[in-house]
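Quick one: the structure is below, and I'll ask about it shortly.
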Amino acid sequence: MDWTPLILTFKLAFITTVLLLFISVPVAYWLAYSKSRLKPVMETLVSMPLVLPPTVLGFYMLIAFSPSNAFGGFLDKWLGLRLVFSFEGLILASVIYSLPFMVHPIQSGFSNLSSSLKDAAYVMGKSKTTTLFRILLPNIKPSLLTGIILAFAHTIGEFGVVLMIGGNISGKTKVASIAIYDEVESLNYVAANTYSLILFSITFVILLFVYAVNGGFIKKFWQ
Amino acid sequence: MIDVQLQKSLKAATGDLYLDVEFKIRRGELITLYGKSGAGKTSIFRMIAGLLDPDKGRIDVDEFVWLDTEKKINLPPQRRKIGFVFQEYALFPNMTVLENLRFARGKQSDDLFIKDLIDIVDLGDLQNRKPDTLSGGQKQRVALARALVQKPEILMLDEPLSALDYEIRNKLQVYILQVHKEFDLTTILISHDISEIIKMSDYLIELDRGMIIRQGIPAEVLTNHNISGKFQFVGEILTIKRQDFIFIITVLIGKEIIKVVADEDEGKKLSICDKVLIASKAFNPIIHKID
Amino acid sequence: KHSQKSRLTIATSANMKLAMKEIVNSFEKEQDIECEMIVGSSGKLTAQIRGHAPFDVFVSANTLYPEELYRTGYSDEKAIVYAYGKLILLSMKKDLFPDLNNLNREEINHIALGNPKTAPYGTAAMEVLKNKKIFSELKDKFVYGESVSQVNQFILSGVAEVGFTAKSVIMSPGIKDKGHWIEIDSSLYNPIAQGFIVLNNRKDHLEEAKKFRDFLISEKAGKILNTFGYSVNSSQKVNPVLK
Amino acid sequence: MIDVQLQKSLKAATGDLYLDVEFKIRRGELITLYGKSGAGKTSIFRMIAGLLDPDKGRIDVDEFVWLDTEKKINLPPQRRKIGFVFQEYALFPNMTVLENLRFARGKQSDDLFIKDLIDIVDLGDLQNRKPDTLSGGQKQRVALARALVQKPEILMLDEPLSALDYEIRNKLQVYILQVHKEFDLTTILISHDISEIIKMSDYLIELDRGMIIRQGIPAEVLTNHNISGKFQFVGEILTIKRQDFIFIITVLIGKEIIKVVADEDEGKKLSICDKVLIASKAFNPIIHKID
Amino acid sequence: MDWTPLILTFKLAFITTVLLLFISVPVAYWLAYSKSRLKPVMETLVSMPLVLPPTVLGFYMLIAFSPSNAFGGFLDKWLGLRLVFSFEGLILASVIYSLPFMVHPIQSGFSNLSSSLKDAAYVMGKSKTTTLFRILLPNIKPSLLTGIILAFAHTIGEFGVVLMIGGNISGKTKVASIAIYDEVESLNYVAANTYSLILFSITFVILLFVYAVNGGFIKKFWQ
């Protein structure tokens, strides 16, 4: 039993989710409160990574990130960043692919929130940032949670993009989903089942824990 | 000196309201905005606080310009040093009562002041509760305490006591006046309660459909006749009972009810809910303090 | 820990995985060169090589991809054919003995084959069906797998009663000793040539890559390939070096 | 006859409130719950409406049992024919004013009645507006109209007029009474306004910390002394001015302000905001109707 | 240019989204308002289809749906329903796979909604169903929209499960994502690009239209 793919998977899902939080909150904030005419366009663009089959999306990313291309070459030359067949590349790809799962729920959370809370904080002299972190975000916890869970779970199961960008290098880009795929491909169903079961169980426990804490179940039984 | 000139057409599906007001407030004064529901009081508050942009206008506070639509100056709400009690409270649901107050205070006020405030608004037992689990009046008291904790230069209170009973209302009226004086605040109040207005405010502005229709010393504006030593009151008829050839009429004056006798001719003209003026011809009142 | 540079990286098409593992093992023993296998579908691997993947050699499941890579400059030498695949008809049903002549039987609802566009075994199966003139008759029964391995999954799960797949499949642990199969007459389809190419993405392993190429066409490797259901020389005698 | 017995311990982080009340309401009566903020008035309403489950208790409405914790009977809110004005309005944000009313009506009431109601609460211009764009008082009026449109058997009003000014408030008080009588409703009101209570209600229940502390005819409960022909009032001191050896004191009584003269000894004992009783020794009042 | 895959794709996405709406609203309602101890478990289970790589999930479904298995056999025998290699099967698979994208946003919408609206409707004698359709759902429009967009877009791009369950039968189960994948695999990049571009453009227009209507932009310019 090789544990590295599993460790790699959770590492990837965790980093991706954290990065997505940092990216999605400002994006969702803009989408929720902007009155720009470009807003529907931006909203649509955020959803677009979903529309292409993952492998195909991965294929386009591969072309874009390849050092022989302008963008990839620039990264390679100036930042020493190789995005193809590296863990960093996997992260970037997962972030792009899972973006809508995080942005949309947070945005709808902001939209549902009464604007008087924002007003009250502004009048108290609180900056937009303070208001965001102390007032807005804590009051859309269900939406944040939805975004986090969807992005996390999706990154774990995500596989087409990762396989294309990552190249299945063991210990570096061979995550659990690819390992399972490999085993199924080579008709090793027992190994595939084992991997699936472990992946499934660990994720189940993580999510169950998150939901239980969120629902106050832990607190209730603790007391 | 606060100098306010505002014009705004309030969007409405039908029956647009054109708000057009101009008034001055002296430093340290407590003025009240009074007027019918929908007259534009809350909208004026929101424009002064910077939460709503007027179509045209200017707001000068001492030497500072907060707003000047012509020069395109418009300070954000954060930079207008204002304490605000919202008509709908706008408490932060994620924070307890205490946390709501702590969040509101700037650097200047300390925990002791917060403790005092909590005691005064009678929320000692509730300080660790979330707003969702408070009664209407309790929420309103938290909202008031939260505005006071900031020790703002200008305090704006949008019906801060409407959900409260007589006793706590009285107590908080006194306390607001005290804070207003102690910290030399300029306070603007919205209220529908006449005794509250007369007791608390230095100056009254009455609005109707977006226009100022009357302004002046509250007692004068509201009572319509000069204060006198004559014992005369306006009251409302509660019941009328016929007894032989006279009518016994109970009249509500303030929270007092008195019986008055009227003769047949007088009595026939009156009906329940009528407003009446009751006066004495000669009067020499005695005054007793009640404890 | 070994750095990535010290190993010879072998990109292997998924259906060659088991055979290549054996070959790589004995190559490592013989030459004392550490190797790493990257497994994927040939199409994906090709796209990745074009994206400058750090692969040194490419063991493909067909000849189209290696040729394409040579033409577009990802290799300094032409592709070679190292083996030929054999097509079989496989079924997992207990009492169903596959036969090309009665595929129209009622109990056969679905016949699995590779997508002729992407999978070489699919192309071969199509040729067989056309040569036997039974394609149009069976048209509604076909389901297409993305690759040979998906065809295997269709057959294995029982949703397709029979299917055309590679002979190498019955050597794998999941299927060995299960089901019934027949080998298809190799005159009915064009040889399924499997191409190999040395890549020039990274120059630091060129020596080892060439050693691997030589090993792959050696008799020793040939024997291994045979046991996994491949033949090393085509019945139609095609020149091992392609145009 | 509505017979209410309720017990509930209201959850609170500290200082639990144990609510324990028992009272009867006759058909067609209008009774008022009165009491300090947080006394449990809204909680009683919610339990009667079936929105909050009591720990123990029963509610009988005529021959029907709405709630009996012992027999585990608990009718859902839908089956208790109740009209409810919520303290926080609870208007439906997705519907216009008119749609809010239309949604609320059962099969019995027609569009004409809705039109009438809209006119009476002065919302004609606003009927196609969404609640978000209404002022506080306008929202309250919609909430009231929405409760009335149902013509419920029992009407429950949680501070239905607190955000309104004197004029519209008076008008709606009269209207509520009218509806109450016309449709033979049983009405329960929560109010802090003493004149409102005296004018409107047949019976008053005063609560404190979850217990009934007083009940009876409103005027008696609230004024603490019998109604008399004597002209005596409780008022509040607004200002005290010394003039030579006397004090001139302005006193607020209801919305009237009068001047009273006090001698030096008396005057020294008094201070601003004191409550005082003012009485005349002999009095023969005249009564005038005001139009 | 073969248009059938594109037509099939939008048909699949549309039917799946509609079905998901019917399924997700009750599920989300239960999750939002239930106080059951099982709630965190159910919440977790809804997210689980995301965790497995689509092809693997598809493989497990394939086994479950196969007429030689109990479940698939039952369907086949009693309902005459063949779920493998049929359009119906694709729909079922897509519904299962996209369920979390619809359920979670709607659930968080319900949770964010003030409970007094529900109370007000109940007191008026409105049933739970009336309240749900007339009051709750119209007031969580941003969340509903998020769910619909995520499920719709995701079904369009979904490909691993569909490929496995559907068997790539042209005109029946060969949707656009598979067609694009095919072209990429056979190094037909031009054709793949064309398909991608068309798929992308049509979806872009659809989503843009939805967002513009939702944002009131259409209304504003219409008047």
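Which chain is which? They are A, B, C, D and E, in the order written, and residues in each are numbered from 1.
By our rule, contacts are C-beta pairs under 8 Å (C-beta built on N, C-alpha and C of every residue); 3 or more make two chains touch, one makes a residue touch a chain.
None of the values given here were measured: they were computed from a predicted structure.
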| item | value |
| --- | --- |
| Count of contact steps on the shortest path from chain A to chain D | 2 |
| Mutual neighbours - chains that touch chain A and chain E alike | C |
| Reference chain D; chain at largest CA-centroid distance | C |
| Chain located farthest away, centre of chain B as origin (C-alpha) | C |
| Gap in Å, rounded to a whole number, between the CA centres of chain E and chain D | 51 |
| CA centroid of chain B to CA centroid of chain C, Å | 85 |
| Gap in Å, rounded to a whole number, between the CA centres of chain C and chain A | 36 |
| Residues of chain E touching at least two other chains | 59, 181, 184 |
| Multi-chain contact sites of chain C, meaning residues that touch two or more partners | 44, 47, 153 |
| Residues of chain B touching at least two other chains | 88 |
| Touching pairs - complete list by chain label | A-B, A-C, A-E, B-D, C-E, D-E |
| Chain A to chain B touching residues, read off their complex | 114, 116-117, 119-127, 134-135, 138-139, 141 |
| Complex contacts: residues of chain B adjacent to chain D | 11-15, 34-38, 41-43, 87-88, 125-126, 128-129, 133-138, 140-141, 158-159, 162-170, 174, 192, 194-195, 198-199, 219, 222-223, 227-236, 238, 249-262, 266, 269-270, 273-281, 283-290 |
| Of all residues in chain A, those that touch chain E in their complex | 37, 39-41, 43-44, 47-57, 59-60, 100-101, 104-105, 107-109, 111-113, 140, 142-143, 145-146, 149-150, 153-154, 156-160, 177-178, 180-181, 184, 192, 196, 199-200, 203-204, 207-208, 211-212, 214-215, 217 |
| Touch list for chain C against partner chain E, complex | 41, 43-44, 46-47, 64-65, 68, 110, 112, 115, 117-118, 142-146, 150, 153-154, 157-160 |
| Chain E contact footprint on chain D (complex, rising order) | 46, 49-51, 76-84, 86, 88, 90-95, 103-104, 106, 150 |
